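Structure first, commentary second.
Chain naming follows the written order as A, B, C and D, and within any one chain the residues start at number 1.
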Amino acid sequence: MTRVVVVGAAGYIGGELLRLLIGHPEVEVVGAISSRFPGKRVDGVHPNLRSATDLLFCSADQVDECDVVFLALPHRVAMTQVEQWTRRAKLVVDLAGDFRLDDAEVFRRYYGEEHQAPHLLDDFVPGLPELHRENMRTAELISVPGCMAVAGVLALYPLVTRGLIDPERGAQFDARTGSSGSGATAGPANLHAERSGAMRVFAPTGHRHEAEISRHLGLPAAMTATGVEAVRGVQTVCHATLRPGVDTQAVRRAYREQYAAEPFVRVVAHQRGIFRYPDPKILLGSNYCDVGYALDEDTGRLTTIAALDNLVKGGAGNAVQCLNIRMGWPETLGLTFPGLHPL
Amino acid sequence: MTRVVVVGAAGYIGGELLRLLIGHPEVEVVGAISSRFPGKRVDGVHPNLRSATDLLFCSADQVDECDVVFLALPHRVAMTQVEQWTRRAKLVVDLAGDFRLDDAEVFRRYYGEEHQAPHLLDDFVPGLPELHRENMRTAELISVPGCMAVAGVLALYPLVTRGLIDPERGAQFDARTGSSGSGATAGPANLHAERSGAMRVFAPTGHRHEAEISRHLGLPAAMTATGVEAVRGVQTVCHATLRPGVDTQAVRRAYREQYAAEPFVRVVAHQRGIFRYPDPKILLGSNYCDVGYALDEDTGRLTTIAALDNLVKGGAGNAVQCLNIRMGWPETLGLTFPGLHPL
Amino acid sequence: MTRVVVVGAAGYIGGELLRLLIGHPEVEVVGAISSRFPGKRVDGVHPNLRSATDLLFCSADQVDECDVVFLALPHRVAMTQVEQWTRRAKLVVDLAGDFRLDDAEVFRRYYGEEHQAPHLLDDFVPGLPELHRENMRTAELISVPGCMAVAGVLALYPLVTRGLIDPERGAQFDARTGSSGSGATAGPANLHAERSGAMRVFAPTGHRHEAEISRHLGLPAAMTATGVEAVRGVQTVCHATLRPGVDTQAVRRAYREQYAAEPFVRVVAHQRGIFRYPDPKILLGSNYCDVGYALDEDTGRLTTIAALDNLVKGGAGNAVQCLNIRMGWPETLGLTFPGLHPL
Amino acid sequence: MTRVVVVGAAGYIGGELLRLLIGHPEVEVVGAISSRFPGKRVDGVHPNLRSATDLLFCSADQVDECDVVFLALPHRVAMTQVEQWTRRAKLVVDLAGDFRLDDAEVFRRYYGEEHQAPHLLDDFVPGLPELHRENMRTAELISVPGCMAVAGVLALYPLVTRGLIDPERGAQFDARTGSSGSGATAGPANLHAERSGAMRVFAPTGHRHEAEISRHLGLPAAMTATGVEAVRGVQTVCHATLRPGVDTQAVRRAYREQYAAEPFVRVVAHQRGIFRYPDPKILLGSNYCDVGYALDEDTGRLTTIAALDNLVKGGAGNAVQCLNIRMGWPETLGLTFPGLHPL
């Protein structure tokens, strides 16, 4: 069994990692590190794991050697701790924002501070299997992208990589997200009475995931981020402009070709039905990212849509998929939960 | 007292008209017409009106003369009935889509059929007080805009009318809406178990309100429409590009000047706070449309945001505001409910 | 104009008092006291009051003389401050739990500590117009009951006062409540991601409102309290046993007689319809308490149901109704908002 | 592989059966029968099964021989079809209400009509593993109980079977349920705008699951049923009276002993924590029924609480658990999904 440690195990991403890793047939969780709850039962914080585990949270120094470390730490903390973990494990998978950008200057602009470990930026392989699967097979450092970035990138990548989009016009992304994306720490903004039923534009410009989308797509992305009523779930709607002459058939073929062999990307663009475009409602708990599109041939205007569970394909599940690839295991191992309907 | 009739009184817009008109000090509701429930108590369908009214629904032929008629009929029905009402009342306010566009060809494209009364299209004054207040004072026919159109237009109008926007780049609107917008008729798509928690892109392109936005703003608008978890509430987020040289100060001034004297438009664009941008959550039941904006001076990219209650400022309340203007009453009469927080 | 002060004006009950009092034609709000936000704009905390008020929060010592004080303080704080306010105002209306019980021993049992002002317990008139309207007309001290207590008491009182219930069997109340009842202070338990969609039995036994119900009904009440998905709204379902021989007709008559003249209690017990029993969904923002009942004549088992908005009839609205009675104003003044449907 | 057929496969229980059976390692789904959608793709109705199955719905006469049939039909239909299935399969598991009661007279009272196959009532083994595991091992007919009945029975059974409850006082159950319990057929009552945020007492007395609880516990149960805001999830809160002298320790021991070896019942009654009592929020998709209790030793009043996912342990999951027992497979096979937190 591969011995894994989760750092930041009391958060929502940490909890989701534990759920997936405890159920993973090739893995043994040998440490669930929490600075807030050392010695407490894991299922006291993650009650869905009652009867699934008797683990206690521990502190970092209680962990022996291990094979893989998942860092589910707050942004800005990961970059100060990563090197203590590279010494102990042969693979470190980071789920914070700290190593998602490869340019320290862009980092400064989007994060508002200097990067503390810029020499490591190039060493991290982006944890996006659909774009970086091959690099990942030998990686020692993987940085899992932001939840909205995964959705935004996968929704437009097939067209960008085939040159079907007019890069001059850029791409405008509208991202909607549930409340779990802001983490497990209570504050006035995520008080239930304030957050419930909200349509809260918390980042009309300058959201950090915007920088990731621009990086991976290689075009100027403008993103707004809105909190809507949901706990889990991310959806991005993207406006872009097709190059002259690109028709529906070319778009359809691009998506089909790109994702035909992908285990966790489904093209959802139907003529009818309640769920004819990607909706996170049916993806919660699953590792799928559904992507779809619609276009107006007269004007060349394109709309693409993507949906995922921010804690799974937008975080912990994506990290486990990376692990599976890295270890040479079947890519879907431990990730087969299909989602619930209705929910 | 001015005698008013509501046609289509059993629907959601109809019910909201009744709530507002029953509470209006200058108005007497002399008819609540419903083809489905003639003879039934109004508060059996609109239970919030228990103890507020003993009205029964009636059929169209039971209504005597009256002063004002509000048509809250399904799209495509209004245009076949409007002329029977112009004979009976001196003011007809239509809340359907039938007379929102002034071009029969555009109507055909967006509604997928021929208009049945194209000769009347030019006679309707758009029920947008903020753009057409003066025309409204003598109007005999008023057509209240679609809920997402009101939000979209008000969010961008101050900049468009001052020439601060690059019209070449158009404007991309992302509209989110609650379930009441699809009306009171049950079907698989609005079953609670299916609609609850959804992020359903029901119109990635070609939504009818898009045509209204283009008409009123005079630029090419692209709109997507998504149903999110809410019963009431519409929010539009718009991406546009400023003309070179337009800075934050010019934008701020445009909004302030435009809406300083408007009783129902508030500019909401604060540096901090949970509700620093427009959110329908605090507007439910009220007639406000809140508008806000954010811009990235480096790139000239602008985001504007608007929020309203689709049944009030996006429908019934806006119609009553038009009535107040038309009759020379104080514009806020019967419309002073401020909204609830938290809700 | 009657000059009123709200103490604890930044909380949810405080905000609702401000909404109602600002809209009240006989009242001027001369102080909105908040120890957390002195000098800040009221509408920064209560965004629904934007454009309704320019008030700033102030501290207690900034308030001059006034006529009426509403104390919307945390439990246990009110009893230490009440006497400083009785000196300044001729009427003090307390909305905390501190003076809801008239027995210091019962207080100790339910609140887990000694009462700090037991000599005042008998001086407070219970703020339940339906039971204590006459006493209220000359009151100097009024204590508004707990939200679940108002619902529970009003649901069963008509039968208890007519001796139709078997007091030996007591009454079992099941109360459900939205999240606003736990106040505006953020903590892990009311984090959106934790509270959303919950059915959280937070008080299976021993909830404080249980003691109030027992007091007002004069029989042993057992109450459970469960947080359900809602921000506002309380519903109580009560199981009781009728005395032998009491039939449906006697029960119906009891409710009708008791509440025929009550402006804010409606009997809702219909044969059909979606809202045939009391549901807070249609009461939000309104001052109604709807009550209903159903019985099984074979077994004598009775179910009663009540619903209200916990911040209005369960708090601020009830307090304003008491004020109206005390001042000799029309009882419904400032309280006529009927609620919204759908919402 | 065991060949199973699901009849009524387009409903919500049918869909959940398909989800569980498609993921079950010992089972092959050889027929998904739907009278409404024959020939249509299963994943068109159950979009969470996209990429999990290519099955098409079929009609009853298209199904060959099979080993097991699950009937997920509307109430009253199952009893007219059961005998056509007993001829074709060696095990029939019924999930409707038709065979949940063993007394045709009680059936008539609760269902309002005559039973069409009363001679079969005694042949069905109740599909409650916790009470009838042994009978189930050789059963040919199993009737899975109602969702609220499973919760209510499991919550009180340990005390009833040990004689710790005063049967004279009966037990009062308050059941809350999500909207999926009323099925996938759209109607005014489950329209999203009407059902959202509701606290709808749809059965203050006489709910059918009440009869099941009385049957299995052998004491008079009174149950109310309320729809609350949720799609999935059932919670029952029960008031009962302990026999004199029964203390907390005896109650705790009863629950522990009863459920120590049960794979899908967890005793949840903690001193602190957000999820210290059973809450369906963390059980969605899982087959657990969590049960808890609290008591007031002074009065002997007991509150018990149970929670489950109505479509899983309250339906399809429970049926699969019965299948596992009947076939001699590990009882948890295909049922190990632990639930999500947060959700």
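By definition in this document, contacts are C-beta pairs under 8 Å (C-beta built on N, C-alpha and C of every residue); 3 or more make two chains touch, one makes a residue touch a chain.
Quantities reported herein were computed from a predicted structural model and do not represent experimental measurements.
K.L.:
Which chain is most remote from chain B in terms of Cα centres?
P.N.:
So the farthest one, by centre of C-alpha atoms, is D.
K.L.:
If you tally the C-beta contacts, which comes out ahead, A-C or B-C?
P.N.:
By the number of C-beta pairs in contact, the winner is B-C.
K.L.:
What is the distance in Å between the mean C-alpha positions of chain B and chain C?
P.N.:
35
K.L.:
What whole-number Å value describes the gap between the mean CA coordinates of chain A and chain C?
P.N.:
From the centre of chain A to the centre of chain C is 45 Å.
K.L.:
Which residues belonging to chain B are in contact with no fewer than two other chains?
P.N.:
Chain B, residues with two or more chain partners: 12, 180, 184, 188, 193-194, 196-197, 231, 274-275, 342-343.
K.L.:
For chain C, which residues are in contact with chain A within the complex?
P.N.:
12, 178-180, 184, 186-188, 190-197, 231
K.L.:
Would you mind writing out the residues of chain C in touch with chain B in their complex?
P.N.:
That would be residues 12, 15, 19, 23, 44, 46-52, 180, 184, 231-232, 266, 268, 273-275, 282-286, 288, 336-343 of chain C.
K.L.:
Spell out the part of chain C that touches chain D in their complex, as residue ranges.
P.N.:
169, 172, 174, 176, 188-189, 193-194, 196-201, 204-206, 220, 222, 224, 226, 228-230, 233, 235, 237, 239, 274-275, 277-281, 292-296, 299, 301, 303, 305, 307, 342-343
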